[in-house]
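Here come two complexes built around chain A, the first alongside chain B, the second alongside chain C.
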Partner chain A sequence: MAIDFGYNIHRDRQIDYDSLSRDLLEKVQKAEPSIKACISCGTCAATCSAAQFTDFSLRKLILLTRRGYTKDMNNMVHKCMLCGKCQIICPMGVNTRNLVLTLQHFTDTI
Partner chain B sequence: MSKFDWFVMPFTLGLAFLVIVLLVKYYNWIKQLPLSEKFKVKKGVFTLKSVKATWEVFMECLLHRKIFRVNPLLGYMHTSLAFGWFLLIAVGNLESRVFYEGHMSPPYIPIFFRFFNPHPTDFHYERGFSFVMDLILVIVLSGVALAWIKRMYSKMFGMKKTTQLQWGDKLALSALWFIFPLRFLAESFTSAFYGGGSFLTANAGHIIGNLFPTMNLSYPLWWAYSTALGLFFVALPFSRYMHIPTEILLIFLKNYGVKEKKHLTSFSKVEISTCSRCGICIDTCQLASSANIKGVQSVYKLQNIRYGITNNEQTLNCLMCGRCDNVCPVGIDIKNIRQSNRYSEALKFPNKKPIFNYIPNIYTSKTEVLYFAGCMTHLQPGIKKSMVKILDTANVSYKFMDEDKSICCGRPLMLSGKKQQALEMVEKNKNIIIESGAKILVTSCPICYKVFKEEYDLSVEVLHHSEYLLRLAEEKRIELSRLNLRATYHDPCELGRGSGIYEQPRKLLNKTLKLTQIKSEKDNALCCGGSLANLKISMQDRQKISADTIKTLTAQNPDAIITSCPLCKKTFSQKADVQVLDIAEIVAKSLVINEPIKKQIKETAKETVIEEV
Partner chain C sequence: MSSEIQNKKQILVIGGGIAGTEASVRLSGLGYQITLVEQSDKLGGKLNQWDRLFPEQKPAKELQQILVKGLNTNIKPLLNTTVCDIQKNNGKFKATLSDGQTIVSDAVLLSTGYDLFDARKKEEYGYGIYDNVITSADLEKIFREGRELKTAAGKTPKRIGIIHCVGSRDEKAGNTYCSQVCCITAVKQAIEIKEILPQTEVFCFYMDLRMFGRHFEDIYKKAQVNHNIQFIRGRLSEAFENSDGTVLLKAEDTLLNKPLKMNVDMVVLMVGMMPSKTAAHVSSMLKTNNGTDGFIAQPQGHYRLSCTNTPGVFSAGACTGPKTIEATLNDARSAALEVAEYLKSTNALLN
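This part shows the complex of A and B:
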């Protein structure tokens, strides 16, 4: 019988840049360079107003963009309320709201 | 004595062109006004409002009272040019009317009176008229000289930066610069040959007469004067000088009560054309003065809206603090135009389906007072705790609307232009407010306060916590003790210039401590730099702005900076050396508690029901 430890083993996953494109990341970095400063600490996810209700966080958005999961990012990016809490507490000074707007813009113009 | 010469043609054609263009523009603007605004105009035309508007046109368009307040020298420059030119035309008309004994004459006669009548010996009032005309010309020429100097040394006029000009402006500006010197030369050369004129043109004519005793050289100068005038009139509708005729229309429309709507209307077009690109808004903009960000200021933004150029950086790199609204000499409602422009920019990418349906329906049990902290307040728990303490002490029957899970008020989305998306959240929040049956909605965040008041269309009374706490204190539901604290009060942009609440927080604070006066306060208050409206500015630039603002606030070494906005508090506390407190925290500190607090916050939270979707 399986014991519930409260967590399980993740399936092995590779990020294959041959099949995933980093084009979007490069475009976003040009439009909002402060994305480079993100250290994925997760403070934004902890304070996020939208995350209280649904599967959304800026940290996830940035990770998805960096890894080239553009489609997953597109599905998530419009959930943002743009309230700006993440911007105020971000320890690296990422201009989070413009980052989300930029990502939304690229999603809209695909 | 002929009444025509070919040299008047450039002037006459230019004037005809200008009049036709203006009439077409005025007609279109008034025709395209929204119906409700048109009704206001119809109602107001035959009332005292028109008289008041005429007086205002005189005070503002001719005397430039508001520019005098900015800087006397700059004011004199404008007055001497505008009012002087007006007098030249008016007195010139009077002169020719008297001279021709009341007969109507073509419009160019008063302008070129000296050409047609260089030295009318039989004219009884000649000496008087030419003295007055020379006097006015001296005044106008002094204005032109100041304008030349201003282009080179703008600091003398209290302006650190002036606007960069476009080609249309440059053409009109050059023409304007030469009109009056050319008039002076033409009249002087005429006087040199024929005599006549007064202290200015007669004496100048005397000198010229000595140099060229036998020749009449005035004719080409009259051509040049007429051409300069004609050129100016043709360039005017395409340049910033369009503000001269448009301001008259704007003053009338404003007096009839026409206002900006939540989208760009033809009234916005009138306002945009009224911008004279004087550049007074550049110096007042903190982006320019603290962070050295150029090219985004309202003068350039309005210019680009007028010529239909979109510039994303310009649209979103603005704190929307409203400081430029406050100093604009023609009183353009810049903030609302910028907001409408953001809406129309974002509408280029409309949302196809609703996106906030992941938010569940939330219900709060029935209550009298509903307290909405706001997202920013959640990052400043001190404010929340203080509010709960005060409300409990005052024994208010209240519910904490967003204690557990908060939905954003929607204003941040609106500020980014996404109104359609924001309205989804507005609906969600509105439901909670209406369902709670509350009579008063209290919020701690000026950003939320403004949107609740302006976009929610609520029948509930909306109060900012500084207003509500003042009410509690005045109704003696809370008792405040004196604190030994010297403090300065910082007016948040959204609460002060945004919603016009200046006195209530001061009245409340004066009950418990002594406020020190500072240089920039009330409608002249500085922005903290944290503004959610600016989407482009970097963290470093934000900090430069807040550092400068803190410097102004702490000029008299207060013990604390008090504000009534959680965002301002957060922004300041990252940089300030003194403590930064919210007005609610001050009230909570000075609160006299006679009986133990009955209710605890936890109980109220449990009464909020969240339906999962």
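This part shows the complex of A and C:
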């Protein structure tokens, strides 16, 4: 039986860029190129109905995809209700609804 | 009568970069006699170190040629020359130059420009220590000389990290100010890298992207959308050299709230602007004050930006703080008018 010393070992939370894969990002950029225009301003997350009750953030979703956190992205992407408010408000013209659907399409099949 | 006096009025312009050359041309157009002192062997200053200029990627050479085209018989350019001594006496300035000659002038225009930040001072970034860490000026030199962009080992870099704010907005480096041109230079150079090496990944590490100028925001968007350049918000904390010569970068991805590490084949440091060392010597002899940032002070504020605290001594260009080329040219023309107004007012006193 393991002895409980009262402490844990934490996993390194550092982003190890080289150990992550950007395959998903490449696919998504081809299917919905407007993702490239995102400047991480957060307007989408501020207007988001889902973000008021969950940790959902489209800004973060895009960043997770850009860095290669596919699993974390997939865990989050279904919290979107596809209401489209973010698309109305996005200053860079990102096609946010299609982006969410694209992200879902590519990761749900994994 | 007054135009005769005007014709005899002498102006000493110290520094033959963009500001000094342009102001000389404008002042000569107003009928004054100009002595233009330049420490290097060519007019144009830092322009001679750059390849292409933002925002339109026009060749720096082209602008240098436009500038010197304005030279005329009213301007006496003295190259490879510095000011050894200068004193103000009865409203006249008596300067002794390094070639031994003495120049007496009615007004002095300081257009002494700036120095590039010495990246070795940010030791944690490894410039001068690691093989594959270069500065924005080094990259311009490679472009200007038409050399291929290669790592120290002669390989094509697959991934390049561009570091913003090197020596700017950094109290430890002694420079609290923003150098204005580095953000857009980073984006310009990132695009230029992608144009020659489309397969190379390019990452910009920034604190804020200061895309204040006309077209700048469009260039930033082009960098993202057309060239897939990645922007990571986080200041580089340290760079480490791996045994294979690649460089490990550590920064915080402040938008994801996590520390980040990444290996790159090459690092480009966006060095900022510093008050010119040669200017310090001249401006102390002329008793002009500096601001807390070390650049020449502009005590009269918005309306008379070209005036220093010493009557008859004026400033133009980056000697009063970081400026784009466009801002420098405007400042030079504005300074020329200020000098002319001053000389007219001293004429009136004579009459």
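The criterion applied here is as follows: the second predicted complex is superposed on the first by the 96 of 110 C-alpha atoms of A that agree within 3 Å, B and C clash if a C-alpha of one lies under 4 Å from a C-alpha of the other, contacts with A are read in each partner's own complex, and residues count from 1 in each chain.
Convention: a residue touches a chain if its C-beta (ideal position, glycine included) is under 8 Å from a C-beta of that chain, and two chains touch if they have at least 3 such contacts.
What you see is a predicted model, and the numbers here were worked out from it, not measured in a lab.
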Specify the outcome, clash or fit, for chain B and chain C once both structures are aligned onto chain A.
fit
Under the stated touch criterion, which partner chain does A:S40 make contact with: chain B (first), chain C (second), both, or neither?
second
Using the superposition on chain A described above, determine whether A:L64 touches chain B (first), chain C (second), both, or neither.
second
Quick one: chain B or chain C, who's touching more of chain A?
B
So, A:K79: does it touch chain B (first), chain C (second), both, or neither?
first
Is A:Q29 contacted by the first partner chain B, the second partner chain C, both or neither?
second
Could you tell me if A:Q14 is touching chain B, chain C, both of them or neither one (first, second, both, neither)?
second
Determine, under the contact definition given at the top, whether A:F53 touches first (chain B), second (chain C), both, or neither.
first
Considering the aligned complexes, could you tell me the closest Cα pair distance between chain B and chain C in angstrom?
14
Would you please give the residues of chain A that touch chain B in one complex and also touch chain C in the other complex?
none
Residue ranges of chain A touching chain B (in the complex, touch as defined):
34, 47, 49-50, 52-54, 78-79, 81-85, 88-89, 93-95, 97-98, 101, 105, 108-109
Residue numbers on chain B that touch chain A, as the complex places them:
316, 349, 351, 355-356, 358-360, 375-376, 378-379, 405-408, 412-413, 416, 418, 421, 425, 530, 532, 535-540, 567, 570-571
Within their complex, state which residues of chain C touch chain A.
220-221, 224-225, 228, 230-231, 233, 253, 255-256, 258-263
Complex contacts: residues of chain A adjacent to chain C:
13-18, 29, 33, 36-40, 59-60, 63-64, 66-67, 92
